[in-house]
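Going by the order they are written in, the chains are A, B, C and D; count residues from 1 in each one.
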Amino acid sequence: MLVQFYNVSKIYPNGVKALDDISLKIDRGEFLFLMGPSGAGKSTLIKMLFREEKPTRGQIFIASRSVVRMKRSEIPSLRRSMGIVFQDFKLLESKTVSENVAFAMEVVGARNHEIKNRVPEVINMVGLKGKEDAFPGQLSGGEQQRVGIARAIANQPLILIADEPTGNLDIDTSNEIMDLLYSINRKGTTIIMATHAREIVKAAHKRVIMLEKGRIITDDSSGDYAL
Amino acid sequence: MLVQFYNVSKIYPNGVKALDDISLKIDRGEFLFLMGPSGAGKSTLIKMLFREEKPTRGQIFIASRSVVRMKRSEIPSLRRSMGIVFQDFKLLESKTVSENVAFAMEVVGARNHEIKNRVPEVINMVGLKGKEDAFPGQLSGGEQQRVGIARAIANQPLILIADEPTGNLDIDTSNEIMDLLYSINRKGTTIIMATHAREIVKAAHKRVIMLEKGRIITDDSSGDYAL
Amino acid sequence: MRMRNIIYFIKEAMKSLRRNTLLTFATISTASICILILGIAVLITMNASQFMNKLESDVEIIAYMEKDTSGTQIASIKDSIKNIAGVKEVKFVSCEEALENLQESLGKDKYDLKETLEKNPLPDSYQIKTVNPHDVPEIAKRIELLANVKAVTYGKGIVERLFEVTKWVRLVSIFLIGLLAFGAIFLIATTIRLAIYARRKEIYLMKLIGATDGFIRWPFFIEGIILGSFGAAISIVVLALGYQSLIVRMDSLFFLPLITGQDALLVLYISLLITGMFLGVLGTLISINRFLDV
Amino acid sequence: MRMRNIIYFIKEAMKSLRRNTLLTFATISTASICILILGIAVLITMNASQFMNKLESDVEIIAYMEKDTSGTQIASIKDSIKNIAGVKEVKFVSCEEALENLQESLGKDKYDLKETLEKNPLPDSYQIKTVNPHDVPEIAKRIELLANVKAVTYGKGIVERLFEVTKWVRLVSIFLIGLLAFGAIFLIATTIRLAIYARRKEIYLMKLIGATDGFIRWPFFIEGIILGSFGAAISIVVLALGYQSLIVRMDSLFFLPLITGQDALLVLYISLLITGMFLGVLGTLISINRFLDV
């Protein structure tokens, strides 16, 4: 088991109950969709994985390490084992596209020549060739989103966490991105993806977890998703 | 004619040609979808309407006033005649949901009692009852997006411009929002909406403009959109 | 501007001050430190200036009479001196008093000059003060021309040096006050600019949804006024308490009196308050425009 | 830390300085204004202190001999005085010289004292300087006890006042330097804090993608060093040029000499540079941690 949630609840300081007694196991190499209406708790669940938020109750293990009891100094190495696509992109405004991607590799201590080779490669994969030297403020919404994806896959992470990675993409670009994710998944990366895109989920035949009001209402491993 | 584009081109300072010789007429009361792949120029076209960006070449008229030759002091009144939903939401981080919506009304000089009545009303319309006092940082992605929508419709604008207003919403919430937009449209508001959501556009049977690489490739008034 | 708007803008300003605590704290403390330092500099200058005035007003002319001048002649010389424009005070010093003074300066009770000397070698004299100490050399020259005046002294050399020193002290302190004032303006403006910079996206957005420049500016102005005057108020309290305790402690320096006039101090404190308010607004004014052009 | 990392961090720092022009400009100018003002205050204090030392070292004791003391006795008194611990210099003034001096102070060529007086009423005397001027009253007392010394004077009253004044001037200037130094620290730290605040989202994001605190801190530290020392360098150039031109202009005040020793100035300038660098780092250190806790 790569990821384990035991009775996890999250109540934000303002009293909002975002997650309610979630238990969940995710295997190494799985591809998991998180679905559910706006405000169901998808992003909250995802933020628990890399400890942007701590659960109010319950335990979370990733590769058998407790994320909840983890020391402050251990957090960076946890996050470095993951690639994260944020719902709001979170790009470094003062760095170009290349620099944003390179930064994620510098953080993990990659070698200079690795960075030099890998950065153009992933930028190409997400279809942003030609935008290497643009700053995030000079990109369209979908282009920014794809920079976020490129950054997340650059380090070939053990786990890829993607929060609504196609929300700003047209269907063709979405499909290209999904193909990219499937191929990464096939190479062994575990992928957890929150999304509203029913077409994508329907076509994928992967495990789907439906959240509503902070609870898991269905966990369908077959992927025969229907609503 | 409410909106007229005459041979509008936009070349950004870094040399990117985002719009290429666009001519376009939009009638009062129309509902118009803007579609096209990521980076096609939809947001750029939209930004021209409220003069966040100025065209490099060409003329734009809104209600017979030239947006291009408009004096600096006339811009606020142009923008006040519009409601704008931004692709990246652009909420005021230091104001609550209610305050964000109220602010848009204060800007146009609405009376206090009008504001007091209207703000809860529109918050309710977008399904955010109970979130009035939350700050944007305490909301989910889709909730933030709906705050942006509530703010845009609060003043019952002449033109509603929405850039990807459902990108972070599940299908049910999207449909509710679309119903809201249709009813506003029926009351006379002209709506221009950039979107990637094919399901929505298919179901709507409204005029669709397809952009690609900054050019209009189809302008289908029948709405028999097919790709 | 309508009343309703003023209230609205004040409310907005207060809200934003409360919500941006770091920015509020940074601006207030910057303002209070700058104004405190400026206030201390002004106080020191005021005191130094008073001390220098005192030094300068101690400068006097001594006019020695001829040995055989008669009493009536001496009296008429007094009138002639008094008639010179710029003379403030004329005091007669008889030759006996002069000898007494000399005796004193040599060490009283150690030598009895009167005993040693058979007759008093010193002449009668007048001590003359002028309205403006800087006129001393000029007036001394005119007194010297009078009949029966044998000689005139006024500490030539020393007086010029004194004036040279006070001139330079004044110049340097004006320059310093100017520099500190400029520094205060600049530092406060910079802090405000950074605070506004941190909120530039907010301003950008407000413009995009149709706010006029004025609508955005007003709350910032009011914030500037509040921040500036609040910062100034803090520094004034610190300054007043500190100066009061200094006055008590430096009582021993009776010959170097500090300015204690409550009026002068009040004027200073009020000026500092106005300076704070003004700098708050000025800082906002020069900072906000560059973010309004959307 | 490996070499590769140092180079990387320096590159990152330079890039961010170039791209955040407003923040860079604000921090450099704040640092240079604060350090300039601090430097001016130190220079003034150094000069005032030198001037006060000079004033104090002018204080001397005059020991008057008995009228009928013989030449050998006078010579032996000199030795006795020299033997007192703390005495620096002993100078003989004969009664003729003393009369000459008195004549001078009354206005030379106006009265011929020698002509008026039948015999010189003044005694022989010694002028004594001490190593530490503050010992003057003590040493004066001991000299007074020597045989054949009739009386001792040292400007009693005036000297105590002088020491009181210099004590206060020193106290006040130390206090002011302290205040200005504190102000400089605070203002520079505040500016840096605001600059970092403006970039807090960037820091937050860096943490989210796995950067360690150190990895984020280092470029900021290097920025702090560069900003602080660059700001200090500007202020040192201004200070050096300004002071040089002041030295030239105040040449007329030969009796109030400015410190011109290149060594002392160099030490000052280097200290200011180090101060700037140090404040840049310190400001970063106390500011960045609160944004790292993600």
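We adopt the following convention: a residue touches a chain if its C-beta (ideal position, glycine included) is under 8 Å from a C-beta of that chain, and two chains touch if they have at least 3 such contacts.
On a predicted model such as this, the values are computed, not experimentally measured, just so you know.
Taken together, chain B and chain D share the touching chains A, C. Relative to chain A, the chain whose mean Cα position lies farthest away is C. Centre-to-centre spacing of chain A and chain B amounts to 29 Å, using the average Cα coordinate of each chain.
The centroid of the Cα atoms in chain B and the matching centroid in chain C are 62 Å apart. Averaged C-alpha coordinates put the centre of chain C at 23 Å from the centre of chain D.
Contacts between chains close into a ring here, every chain touching precisely two others. Here the chains touching each other pair up as A-B, A-D, B-C, C-D.
Interface residues of chain A, counted against chain D in their complex, comprise 50, 52, 76-80, 82, 84, 86, 90-94, 103-104, 106-108, 112, 151.
Taken in their complex, chain B has these residues touching chain A: 12, 14, 16, 35-39, 42-44, 87-88, 134, 138-143, 145-146, 163-164, 167-174, 196, 198-199, 227. On the side of chain D, the complex with chain A involves touching residues 4, 8, 16, 19-20, 199, 201-202, 205-212, 215, 294. The part of chain D that touches chain C in the complex is made up of residues 22-23, 26, 29-30, 33-34, 36-37, 40, 44, 64, 106-107, 110-111, 113, 116-119, 121-123, 150-151, 153, 161, 164-165, 168, 172, 176, 179-180, 183, 186-187, 190-191, 193-195, 197-198, 250, 252-253, 255-256.
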